[in-house]
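Below are structures written as structure tokens.
Two complexes are shown next, each including chain A; its partner changes from chain B in the first to chain C in the second.
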Partner chain A sequence: MNLELHKVAVRQLAFGAKTGVSNGVLTVNKEELKALLLKDDRLAAVEFDLAHPGDSTRIMPVKDAIEPRCKLEGQGEVFPGFIGPVESVGSGKTLVLEGMAVLTTGRLVAPQEGIVDMTGPGAPYTPFSQTCNLVVVLTPREDIKLHHAEETCRMAGLKTAHYLASQCKAAKADHTESYDFPPLTQAMQAYPGLPKVAYVYMLQSQGLLHDTWVYGVDAKRTLPTLISPTETMDGAIISGNCVSACDKNNTYVHLNNPIIKALYKRHGKEINFVGVVITNENVTLADKQRSSSYAIKLAEMLGVDAAVISEEGFGNPDADLVLNCVKAEKAGIKTVLVTDEYAGANGASQSLADSCQEGNAVVTGGNANETIVLPPMAKVIGDIGQADVIAGGFFGSKRPDGSLEVEIQAILAATNELGFSKIGAYTI
Partner chain B sequence: MAYRVIHYINQFFGGIGGEEKADIAPEVRDGVAGPGMGLAKLLGDKAEIVATIICGDNYCVGNQEEVGKFIVDTLKKYNADALIAGPAFNAGRYGMASGFACSAAAAAGYTTLTGMYPENPGVELYKANTYIVPTTDSAAGMGKALPVMAALFAKILSGEKLGTAEAEGYIERGVRINTFYEEVGAERAVAMLLKKIKGEPFTTEYKMPVFDRVTPRPGVKDLSKATIALVTSGGIVPMGNPDHIAASSARNYGGYEIDGVTDLVSGKYQTAHGGYDQTYANQDPDRVLPVDVLRDLEKEGKIGKLYHTFYTTVGNGTAVGNAKKWGEEIGKQLKDNNVQAVILTST
Partner chain C sequence: MQANFTAGADTPKQICFFCDGDALQVLVAARDLIHMGWKLVHHPLYGNYRPHQQPYRSILLQREAENSGLSHEQNPTQDQSLNPAYQCLAPDPASLQLIEAALDVYRADRVLNPQQVPDVMLRDCSQLDYELMRLPLEQAGWEAA
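This part shows the complex of A and B:
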């Protein structure tokens, strides 16, 4: 499989009469987009707003972040099972509006996803302070059930992202990236002498608003399986999470998985990157045992020497991380684990809920319990009233002057466990 | 401008007396006393010891609230920036007092440092709260300890970012500090994997913890006579969450009476937990805290009785240190009230 990403740089967003991109400015026809989203009769209202890097703007609570993409050539359409048909993606050409994100917000469920500050001390903690953001403010109808509200909002984000990219198909790419994923027969014979490496990609599937979808299938109803890394770039994996924003993988980071990028960078030079195994994080012990055994068995079938294993979430999934690690190391597969920490506000508690001595190589996205004061912003998009009950907030988080005292847990992608940002932690 | 420092020492090093004077209340003297003289010289023009607190070791350990207040009041009175204590070497109570003094000052926002022998019990108790320089086990090591303490203290006071315990020469505090690295996590992970594959040395960013293991108690012999309590980390609280237990990273727990309550009905109880979909717990809170079933068992005579209070917190992202402390408190209350068994429910 070969996928070309045609990346069109977006440096500014504006509302206007016709949706399209020109000289780095993406113009959005609000009415057209609103009409498209309101076809879903479960929505009572939709509004749009813009946020650029450096603006004195706070967006909260953000449910999902999505990068606009659409197919230019090749089978299927992005976000298969939701936007595209359930056809395989990951080949051909895909248009990407780079430098921007669609952020969905509104009062969806409580407690729910996180905060994005476009400036100030909170900004370095979220990658979305660096993107130009089209914020979709959603109001689901009051008489619909919570889970339908979640689905409605999830779909609205995907529809918006696909719509924007689709209106820019004629734009010339600023740069193109090409990713190749050969058949296994070739992959196994390529680069003799280089160690074979797989990526074990753990997907949040605790259920009940901790969900991930693969080709439209709820990840908790899947066995671990192989996926081409190029499929992830076409949105084969999307987020259905609403809880603890710091370390849930939103759709944007699935599309731009940095571990896949880092493995590709060294592919053919220092390693032979032969495959991605996706696995889940279900809550029952039998599921955990089954999935970890199956995922590591797939890695063994690939005959790999080593694997990067990334977790999603914390607490309960720490058990899945540890099972994957122990089973891989026992099978002779060397592992590096990517996780984050809940070491308490003072940093002195143990950071994980499960542990194994085999886990001797760990990369961390930092301590999510660290508290931060986010000063007031000139503008708030969404609902600041959620601060006291957002995961990472507490009663009294919202101060009278409009500032917020929260754990970085409340900030979108702050301690991302795909290693998306530079944050980490060390022991003093 | 030199930083203003208060030095904390015990009755012995303050020249008041030995063990027989360990009960003296804290007092403050202007300027230096005892080992403070040597310390002051070493600190030079970087910091000035403006006063010395002298306190009996037993008094400090036994009257922490009062001594803590005395320390913070003294820091304020002298307009001080920092507190240095000891060194305490391997004197157990002096170590605990020095560690406590630093903790109290640190909690009020002051820079602190002390020195003691690594096996002094004060290390384990207070290392998370303060920098502790390792010393020899006896005061014979004073000459060696003071220069190390002074140098590290000056560095901390200057606001310079400290490296790891190993690099800087203090006892590892076991405290995790967030930082921004040069490379993103994914790049760091693949670089670490390459080293591991090649068999080259690498440094993990987090050493996996070693857990406490608790041996389960033997089963209850006769449930029909037992008082059973319900305790949950599933966040079930009376409607309105009166004690404001946070949705994640709880800072407290609650105890609520359920005398006469046979069923946790929707609208009277709810969950405060932010780590799972609240829909089903709010529809029927018994799903998380099964009061209804235990009342049935009580009526059927299968259990003696359900304890009159349930304890609850939110287990979502809550620090293990807090959970342990609350668990001990709840356990003690249950034991003092003759509860024979506890059903712990999670989510």
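This part shows the complex of A and C:
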């Protein structure tokens, strides 16, 4: 499989009469977009707003972030099972509006996540302070069930992202990236002498507002399986995860998985990157045993020497991470784990709810318990009242002057467990 | 929320206990049941909620012995040695390890009591607790009504 990403740079957003991109400015016909989204009669209202890097703007609570994409050539359409048909994706050419994000906001439940500050001390904690953001403010009808409210908000984000990209198909790409994923027979013969490495990609799948979708299928209803990394770039994996902003993998992050990019970068030089295994994080102990055994069995069938294993979320998924690690190491597969920590405000407490001696190579996305005071912003998009009940906030976190005292858990992607972050630390 | 589930025809007898107090008390009660031979069906910690973010916690346990010695009227924390019908089973080590680890997490955090929570949030939290129990209940043979 080969996928070319044709990336069109977006440096500014504006509302106007015709949706399209020119000289880095994406113009959005919001009436046309509103009419498209309101075809879903489960929505009572839709509004749009814009936020650019450096603006004195706070967006909250953000549900999902999506990068606009659409197919230019090749089978299927992006976001298969939701926008595109249930055909395999990951080949051909895909247009990407780079430098911008669609952020969906609106009330589903309390507590709810997450915060994006476009300036100030909170901005460096979220990569979405560096993107031009089209914010879609969604109000589901009050008489619909929560499942339907979540679905309609999720779909509105995907529809918006696909609509924007589709209106820009004629635009010339500023640069193109190409990703190959050869058949396994070739992959196994390639680069003799280099260690074969797989990526075990854990997906949150606990229940409503804690779910992930693969080709339109609820990940909790699946066995672990193989997926081409190029399929993830076409939106085969969709986030329905609305809880714990700092370490959930929103759809934008699934499209731009930094672990996959890093494995590609080292492919053929330090390692032979031979495959991706997706697995779930179900709540029952039987599922945890079944999925970890099956995922590591797939890695064994690939004959890999090592695996990178990334977690999503925290709490009981820590048990899945440990099971995957122990089973891989016992099978002779060296592991590197990618997670984040809840180590207390002073960083001294145990970081994870579970641990194992085999987990001796771990990368952390940071300590979600770190607290931060976010000063007032000139403009708030969404509902600042949510700060009192946002995951990572606590009662009294909203101060009279409009500032917020929160743990960084409340900030979108602050401790992302795929390494999708602007803040890092280096050992010197 | 458990009233929305009905037991299938081949489902063994189910007993539901409500714990007064906070989620920590639910975990303590579950631990006591594990010492009486009950096993955890699911992990006792939520995924993505901390003790100060969710006032509720439901735990589903199963026990293989025919006669658990418990009834709807009995509190699971009562001394079961007084009940001649009670069949003592050895605790399941995996369940014991998981519940003790979960108790450590709850004891290290602020635990949210339902009485501290506004009504609008209580309703949402109870629904989410139910939703996160949906799969364990289904796998245990209960079906959503």
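Throughout what follows, the second predicted complex is superposed on the first by the 421 of 428 C-alpha atoms of A that agree within 3 Å, B and C clash if a C-alpha of one lies under 4 Å from a C-alpha of the other, contacts with A are read in each partner's own complex, and residues count from 1 in each chain.
We adopt the following convention: a contact is a pair of C-beta atoms (placed from the backbone, for glycine too) under 8 Å apart; a residue touches a chain by one contact, two chains touch by 3 or more.
Bear in mind that the values here come from a model prediction, so they are computed numbers and not experimental data.
*Asks:* Using the superposition on chain A, decide if chain B and chain C clash or fit.
*Replies:* Superposition result for chain B and chain C: clash.
*Asks:* Can A:Arg266 be said to touch chain B (first), chain C (second), both, or neither?
*Replies:* first
*Asks:* Mind telling me which of the two, chain B or chain C, contacts the most residues of chain A?
*Replies:* Of chain B and chain C, the partner in contact with more residues of chain A is B.
*Asks:* So in the superposed three-chain picture, is A:Ser349 touching just chain B, just chain C, both, or none of them (first/second/both/neither)?
*Replies:* both
*Asks:* After lining up the shared chain so the two structures overlap, which partner does A:Thr185 touch, if you call chain B first and chain C second: first, second, both or neither?
*Replies:* Once the two structures are laid over each other on A, A:Thr185 reaches no partner at all.
*Asks:* A:Asn23 in the overlay: touching chain B, chain C, both, or neither? Say first, second, both or neither.
*Replies:* Neither partner.
*Asks:* Could you say whether A:Leu208 touches chain B, chain C, both of them, or neither, answering first, second, both or neither?
*Replies:* both
*Asks:* Looking at A:Gly315, would you say it contacts chain B, chain C, both, or neither? Reply first, second, both or neither.
*Replies:* In the superposition, A:Gly315 contacts both chain B and chain C.
*Asks:* Between the stretches 20-28, 200-208 or 236-244, which region of chain B is in steric conflict with chain C after the superposition?
*Replies:* For chain B, the listed stretch overlapping chain C after superposition is 236-244.
*Asks:* Would you mind listing the overlap between the chain B footprint and the chain C footprint on chain A?
*Replies:* Correct list for chain A: 109-111, 146, 206-210, 243-244, 314-315, 342, 344, 349-350, 353, 389, 391-392, 394-395.
*Asks:* Can you list the residues on chain C that touch chain A in the complex?
*Replies:* Within the complex, chain C touches chain A at residues 40-50, 52-54, 94, 98, 101-102, 104-105, 108, 110, 116, 118, 120-121, 124-125, 127-128, 131-136, 139.
*Asks:* Tell me, which parts of chain B touch chain A in their complex?
*Replies:* Touching chain A from chain B are residues 128-129, 162, 164-165, 172-190, 192-194, 196-197, 202, 204-211, 244, 246-249, 251, 274-280, 315-322.
*Asks:* Quick check: in the complex, which residue numbers of chain A touch chain B?
*Replies:* Going by the criterion above, the answer is residues 109-111, 124, 146-147, 195, 197, 206-210, 243-244, 257-259, 261-263, 265-266, 270-271, 305-308, 310, 314-315, 334-336, 338-339, 341-353, 355-357, 359-370, 389-396, 407-409, 416-428.
*Asks:* Quick one: in the complex, what on chain A touches chain C?
*Replies:* Residues in contact with chain C: 109-111, 146, 204, 206-210, 220, 241, 243-244, 247-248, 281-288, 313-317, 319, 342, 344, 349-350, 353-354, 389, 391-392, 394-395.
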